[in-house]
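Going in written order, the chains are labelled A, B, C and D, and every chain counts its residues from 1.
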């Protein structure tokens, strides 16, 4: 980030107190910025204040470091968690897959047409099946077959690869392996998973079969950040589709595929645009 | 049911075999009937065949008993479960409530404008609060306060009342008591409940609070037949509404109210129109 | 409004310029207020800035007039349209109906349980049919039968009644008369209508019949402010429901009723909570 | 089609009369078939009867020609329109595109994973842009640039290509040309279009811009058969997505893309599975 700023997204959260919006908006104004979009929220129970401000700065009049320093000082004064993101920084994504191609296909296509404004740096899989698809889109493909015996070792190699490639976000696009705690902790709130049920219903294995057996009239898909507990992380997005007694488990899987890819794509887009703030076990989404 | 038939709904289910539709449709044709609507389904796993036929008979040419006897013979030959319902039979409903009025209000209003083509024979409550509402609509109101000590005894009185009043269907319109096994078994697949969550998620108490704490992005409501296991009976209808981090538990309850009454009303309408067939733990809905 | 303020909603809109949020938030802070909720929007084409701030003031420390004066000065400086609403002011609603009861029933019920935090001051109708319903809820009912010949005269009486009763908002809850220009102009952006189609499709008469004949797979309902052009005013809320070839025009009307009352109720709630800002022919909804 | 039949879909429609279902089901039973799925409908206004029967025949016991002859005789007796489709016949599709790739991408992907059980025989475009995409999937690509002067001539060549390739269905996957009457008449109810609005709202050009200007709160997409009147043919499927004042025309186009491809894919799937029957200006969909 040099002296030309352009668009900036600021995230800021701390215990609620009077005058926060005035101070933050004031600081942006002092630095010559124009607010394009401002969204704030106070958690009604914890009284934590969350804000996302998208603003525009004249190309030459402001030094990025100066702005950053001002916010750092403000954050320190309020004991806040904060971050600042220039529109010029492009995040680097790694997509993890197994054999199903619908989610990765969706992400690669949205990337190609420019919707996902980030770099898809690489694809990791425990199976070789989707290498041709990655190739089609010109994305490097790495295969790390995993057995219970080799899991820790393979994950270690994956982590080294991710580090080497400066990966910011890991997207589990129907990756059929449970990650170890160690892996999860290396990317806190930066691993996005898609689970093919309306969580917390039907967590764990084979949710379409579970849904079929319970006889629900609606199925869902859930995108969430991965935490140490399976299918338990903060939910980013969910959506549903109506089913009927006519739908077999195979039909559920087919209808569900469309949900899965839409829900995952939405979550990835929101994450990349810094619209998702984690609030304990929940998320605040500044759409 | 006399000799004038008019419209009839026939339900029939048995192990699938060739020629079932031909035989049933043939029988209706022989008796001078005209099929208005026919819907059938074969469960892909159990191979059980379900059919609902709505048909019209000329007022004078057919004797109801003759038709009934023909179907009884057919059903016996196929080992089928079956029933026949004339449009002239009006079912008798009992509505059970506690203090919330939104579900009963919805049912009473839909009854008054003729949507619910059945008799709402009485209202039962464990609290006196909604007596004025029942009065407004001219429906007898019975109050049976329930404590853990008096529950069995009060249920006994309720069952006697229901029997005396020839009640066909019991609708739990946010009735905040768990019915005993004995009560449930007296009305198998004839007690309709509304649960204010997207089952199987958030079964049990306070589902809106549970949903709030889990941070889901969508809440739901579920109408189901009551069985001995809490919130576990065959699901008739479900619907959902999108929520956000801005919604407090109170907001969820407010948004959920609209879902609850729509979902319950739909389930009651389907039940009354003989559109719901139970298939083990699931339902077949012939919309 | 006295010296005790409590909660206040501020609406403010003007041509976009730098520092608006900082100035407004700063002013609230100076006056001792705490922002509970802030939402802003800049129209991408007209570059008009819209803001809604909900804030809380300590009961004794601030004079309402002082706050009002500060905002008036700010608004004058920016050439802004603005308004300030205390939570203590209760708006006065008039509901206009003809013969259908579903929309008024919905509003009266939501009013009774406290969802609609306003006064429903009176009901006006061109038919006597719904007087008993208004009576049930204890709302004065006025019948003004309308013929082409008496329309202008009757509207005059209605306007006098509305003025006398200090009505803020007129809700057309399936009122089957087109209001004259004169009436509309007396309540600019304060007459809320429900149209039983997904506007702009099927404007004008008998939209369910139109929808049936076109063979659409989804029907809708639209709530909008009334303007001089029929069914053309700024849209506040819309919703839809799926239909099929099985649905007759009567079925559409039945399914549509549920949409109509939900959509109208939502629009009324938003209007009362000062969440709707008009932007030319469109609305900005700060949910 | 030889003597091995397997699965067959029968479509049949005629003026309603008593005994139709009995006769059709009886005929299938006589020929040794087993009904898997039966759906029927009588138009409430025209009294036209529609039926779709999916059935299974033992591989060797029935001659296809015999079955076909029986139905032909039945159809003749009732003055019915009918058709019979073996699951072994694979329809041949031509996809027409211009420059947008989202709809064709969706169809090609669904074809590759086996959801669209038909042959995509070729792609036609008035621009060369999407040739690489067709190549990727191994589908022959034909470019016919169109100007007002060359339109008739180019369409003639296209029609010859389609005839030569035995094309059954033409899918307009955001093909930005209006077909001439002559072309349309060559494929009656066999040209499927996707229009990016909730028809009949916003027919014609630039529907997202129209929707933006009208300030609707929901946008839609519509798939329909192409007829001589623009955007007026029988509707097969529609879907919608909620938007807000925050969405620019570009956002509408982005959100709409997801609708368009889902709605078009659904219509193509239903058409291929013989689930769409045309009823004048409307469709009957046997899902």
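As a working rule, a contact is a pair of C-beta atoms (placed from the backbone, for glycine too) under 8 Å apart; a residue touches a chain by one contact, two chains touch by 3 or more.
Given the structure is predicted, the values throughout are model-derived calculations rather than measurements.
Two chain pairs are in question, B-C and C-D; the one with more C-beta pairs in contact is C-D.
Among the remaining chains, the Cα-based centre furthest from that of subunit B is the centre of A. For the pair subunit C and subunit D, the distance between mean C-alpha positions equals 42 Å. Distance between chain centres (mean CA atoms), subunit B to subunit C: 37 Å.
Across the assembly, subunit B contributes 246 as residues in contact with two or more other chains. Note for the complex: subunit D touches subunit B at residues 18-22, 25-26, 28-29, 32-40, 42.
Listed in rising order, the residues of subunit A touching subunit B in the complex are 41, 43-44, 198-202, 213-218, 220, 234-240, 244-246, 248, 279, 281-285.
Residues 101-102, 105, 109, 113, 115, 136, 246, 254, 258, 262, 287 of subunit C are the ones that touch subunit B when the two sit in their complex.
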